[in-house]
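Shared between the two complexes below is subunit A, which pairs with subunit B and subunit C, respectively.
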Partner chain A sequence: MTTTVEPNGAHGATDPEAPARVITVSGLTTRLATEQGDVTAVEDIDFHVDAGEVLGIVGESGCGKSVTAESVMRLLDEKTADYSGTVEFDGTDLLSVSESRMRQYRGGRISMIFQDPMSSLNPVFTVGQQLIETILIHQPMSKEAAKQHAIDALEQTGIADPHARINDYPHQLSGGMRQRVMIAMALICEPALLIADEPTTALDVTTQAQILRLIDDLRRAHDMATILITHDLGVVAEVCDRVMVMYLGEAVEAGPVRDILDNPQHPYTRGLLASTPGVDTDRTQPLPTIPGRVPTLYDVPAGCRFAARCPFAEDACRENRQQLTEIAAGRSVRCWKAVDGLIDAEAGAPNDGESAPPTGDHRAEGGER
Partner chain B sequence: MLSYIVKRILALIPVLAVVAIVVFSLVHLTPGDPASVMLGPNATSDQVEALRSEMGLDRPLVVQFFAWLGGALTGDLGYSHFMGAAVTSVLMEHLGPTLSLAILAEVVALIIAIPAGIIAARRRGTAVDQGFMAFSLLGISVPSFLLGLFLMLIFAGWLGWLPVAGYRGLEEGLGTHLRYLILPALALGAMQAALTARMTRSSMLDVFRAGYMKTALAKGVSERSRVYKHGLKNASFPILTVVGQSIGTLIAGAAVVETVFNIPGIGQLIVNSVERRDFMVIQGVVLMITVSYMLINLLVDILYGFLDPRVRLS
Partner chain C sequence: MTENAPVLEARELTKTFTLRNAIGFKTSEVHAVDGVSFSIQPGETYGLVGESGCGKSTTGRMLQALIEPTSGDIVFHGQPISEFSRAEQQSYRSKVQMIFQDPNSSLNPRKRIGSILNETLVIQGIRDKAERRKRIVSAIEEVGFGEEHLVRYPHEFSGGQRQRIGIARALVTHPEVILCDEAVSALDVSIQAQILNLLNRIQEEHGLSYLFISHDLSVVRYVADRIGVMCKGKLVEEAPVDELFAHPKDEYTKKLLDSIPHAHPRAAAAAATASGATAGEGGTR
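Up next is the complex of A and B:
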């Protein structure tokens, strides 16, 4: 258990009945050396996940959500990435352990599912070989036992005829099947933490819902802490308990999913929600969009990073860096105007819970049925 | 897998037919009558006529072709009047040194190139990488005869460690055989090594970017196993292609290196036969080189099948 105090609110951190804290990330900053110069890909990220809980990390491409996930497991090229802050897991700071020690965590205690199941399985090894390899790295056992274990794991993910599939090569399987194999591989050593980096983005819509449900079921069955990275607010509404919204390498808003979807505070979160189509969206009108473009990491604004695209921005925003500020228990936002309640006032206080779309409207396509 | 191999072999038949026609036409497309060229300017027309009928040149072209083809299929490539021996036996006599040289050159090239390419890829952008790549550029740019002469000068001339030139067959012992062959093999293999090293590097770099390498890392696979098991097997396909294709260059390059080091191989045979217009031998050599090139490519295709399940099963 950790005693770290963090700004974005540990709901029930003092409650002895609370579920075990699995991971606590504090002040995570990742700098990357690129050919165009050094960039800070994510800056001062704080979050925590409890056992059985799902944290959603949301944002556009390039906002740093994948870098955040990969920093937790130290998957970025060690020659170009520089991490600071702490990632506390099992009472250990993962950012300061040796590489060989880190390998024992990867795939054993912490697992990751990637976006593209077409490229994330090795094309020249069978499904069985890849599953068995993972088992044998973390749990010494005979090859036969490992094979049986692999078959069981495939069966758990709903793959029909796992005895035959285990001898298949990835190219013989459909995208959904491959993602099931990836899930089986991620869960085969019963990790305490699962990180799913856009696990459904590359799949077709009906498969998306199935895979999402599978991850959610397995998460429940194994009481796993889960970090779900997505750009799809429908997915967040459906499976997450808490959510962290990221913009240009920073967390701009964090809190319980219902609160954020019903009552977004940061202008960026408001914009995201407004541009997400719901069931009752007027299809004859173009969807609202957030004007402007995301600045590049090479050209990060001095003040609020969202100011250039923010309809509520004023000079003070452009000059001063914004701090992530707690506005309620477990709820924080990086916008001084939102903290002062000025945005609700300027926007005509639309967020009384009446005019905000109910969360069900953000549901992923095919989520029902 | 078996049906894949059979398919590959069947696909060779039409290619072989075209090769046979082209090689056969070689004699008939060359200006000048082979018989009169062979006999020289002082021969009488009767002598030329006699030789023409002896060589079968007075028969219709189609008949000649099938007679030649039938012979070629049974291992009879005709008779060389210059050498006073059957072309097949002449070829066999010269094949040994060239085969030894080419195989040793390729082995030396692979031993140098694959580790160098992997190291360069893993240390991309560092001085080690740049050093290796500069060296490989040198390897591609320096002609093999020049490199051969330098090697000769250093290792045979100055240091006196190795014989200057010549050839000793395997029957004189492996040590002696290799002592005579190592310098020409280095000279011949340098370009091969340079090409293969570059291909290994770029192919490994591509593989390092692949999703499954990140998956392997996230699974807890060790760095060594990631590079050599997950990486190299995937990177080997383009490397294999380059090696297979450049073996043709190796055979052509052998002619030059054999001349420099005075090795009685196929290269020398070609040069000598062209000089004296020994068409029967030229025909035989060209046929043999083409067929061996095709067989090497067949071998590469079959290796692909073993390495890559996507090729095998499609």
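Up next is the complex of A and C:
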């Protein structure tokens, strides 16, 4: 997919055969000081994103997917957050540059879209004023030129009549329109990396489909690297090239999106996929569920973090911390049983979700107590 | 009551909200719900889907008698609720219960679970203390908790657990119909599956009817028997689930179905072949 980048794209310098690496995150660990004590919100995260590629980060609430994004952008309050590891972007380690330097990256070379477009836009300024401010911070130009630039950006995101909309306040726009404005603002300085944190969660399905298509079109047009954070596996399937599944602050599985969805290896990924109702789910059977619930970060289990909820767990799992292990090129999983192929053997054919639910549904209910 | 008579019916329900300016003059009218009719059979789950602002929640609130319709009737066991006496109205409220979207804001944080459930029964006029106790214990056990949980406060529970308590609260009055307004939308997938299974089990055991209001078509497909699709205040299509997914008739329904992102590879392939006529954009990658 990444090789289909048009050679005459905006940043045509890249060789389409070998897309440029935009960001490399290694060993990223973020500790947060909270009133109840210190927690490690994300631990030892490794990933990279190439130009024109979309990496999906999925997981349920509290898994650390947003903290990962905020750490890359260094958005957490540094009085309470402590980062370690490296975030290499443009040959620089973002975690070690000064705050003022970091501010030049944010909204310029790296930008971010948030879930709730209403609270991310300033209600007392017009859309145009906010867009122009963003442009002028990063690119010195006349106000007139910036205004034209803002209108073009709005037009590019599919907003009808951008000349009129630019004078509107955020409350005058619909949810989908506001998200388009956020995208226009994020893309206005042609970032090399876009981080989208649940960009469509607050939107209706038809609007979601439009926004996802828009993000997809724009990353192709600009050869932009994208990190898409979501809890929705359907969204991942639609737009991502590769995906990283997170659970309780750790990456549990990573690889090409089709591989992961067609042939999930980690018991958590299997459970997540099986418990998502799809259009071919058997309605006469109870949904397979993941028993229990996610432990809090204050009592992270010593061994495998998923062991307590895992139908395949043994004593060895509960005692030993699991390592993220490569099982094929670009494909890794944090589960020794999956690495040894034992999960497939116990669960039956991996792709046959209906006849062999990967999680025991007899334990479906009441497990949360 | 005859066999197969609907439990609850909406007949030409209409709700118009009047917008007023700051000094109280009428500026315009919004037709939130416009002539919506459907019926729910005993033991059936009726799914009501549509996008935000289509009027599905307003319809739910009218059925719950939280707001009055501008015109049209809500008919419970063949009798319009507008003709109910005060006592009948109260009994209607206990027979038609509601589960809300946000389990965090729908439970009073300063009350213990037992007291929250008890309050519901006191309001319903059940004077016998032992009877209240019996119902509360049986409801809390039904959703997978024990008596010991009754003395706890809502903050001691997780989101999914609180939603179970919301279900227990709906069950204490021994309802016939439960209106679930986006009841699982705020939950994570693995927890959502637990709650959906619980709702299905309770329905089987008690022969309850559900009105399941949701924007999530995959979830509605899993729980509902029939689906009504709302768009801009009107019911644009109604069909049994399989029929609706296989042969959607209305253009808006087709658009809605095409927009569902598919996580499951086989589903994506099936959707791509099924909607072959509508220029395959998503799904194919």
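To be clear about the criterion, the second predicted complex is superposed on the first by the 330 of 369 C-alpha atoms of A that agree within 3 Å, B and C clash if a C-alpha of one lies under 4 Å from a C-alpha of the other, contacts with A are read in each partner's own complex, and residues count from 1 in each chain.
Here, a contact is a pair of C-beta atoms (placed from the backbone, for glycine too) under 8 Å apart; a residue touches a chain by one contact, two chains touch by 3 or more.
Just so we're clear, the structure is a prediction, and the values are computed from it rather than from any experiment.
Student: Would you check which partner chain A:L273 touches, where first means subunit B only, second means subunit C only, and both and neither mean what they say?
Tutor: In the superposed model, A:L273 contacts subunit C only, not subunit B.
Student: In the overlay, answer first, second, both or neither for which of subunit B and subunit C A:M182 touches.
Tutor: A:M182 contacts subunit B only, not subunit C.
Student: Could you look at A:V236 and tell me whether it touches subunit B, subunit C, both or neither (first, second, both, neither)?
Tutor: Touch partner of A:V236: subunit C, not subunit B.
Student: Between subunit B and subunit C, which one contacts more residues of subunit A in the superposed model?
Tutor: The partner that reaches more residues of subunit A in the superposed model: C.
Student: Between subunit B and subunit C, whom does A:Q208 touch in the aligned arrangement: first, second, both, or neither?
Tutor: The answer is second: A:Q208 touches subunit C but not subunit B.
Student: A:D262 in the overlay: touching subunit B, subunit C, both, or neither? Say first, second, both or neither.
Tutor: After superposing on A, A:D262 lies in contact with subunit C but is clear of subunit B.
Student: Kindly classify A:T68 by the partners it touches after superposition: subunit B alone (first), subunit C alone (second), both, or neither?
Tutor: Neither partner.
Student: Where on subunit A does subunit B make contact in their complex?
Tutor: Within the complex, subunit A touches subunit B at residues 73, 75, 99, 103-108, 111-112, 114, 116, 118-126, 133-134, 137-138, 169, 171-172, 182, 185.
Student: Which stretch or stretches of subunit B touch subunit A in the complex?
Tutor: Listed in rising order, the residues of subunit B that touch subunit A are 210-212, 214-223, 230, 233-234, 307-310, 313.
Student: Which positions of subunit A touch subunit C when the two form their complex?
Tutor: 1, 60-61, 175, 204-209, 212-213, 231-239, 258, 261-262, 271-273, 275-281, 283, 286-290, 293, 351, 353, 361, 364-369
Student: Quick one: in the complex, what on subunit C touches subunit A?
Tutor: For this pair, the touching residues of subunit C are 51-52, 144-145, 158, 160-161, 164, 188-194, 196-198, 200-201, 215, 217-219, 221-223, 241, 245, 255-256, 258-268, 270-271, 281-283, 285.
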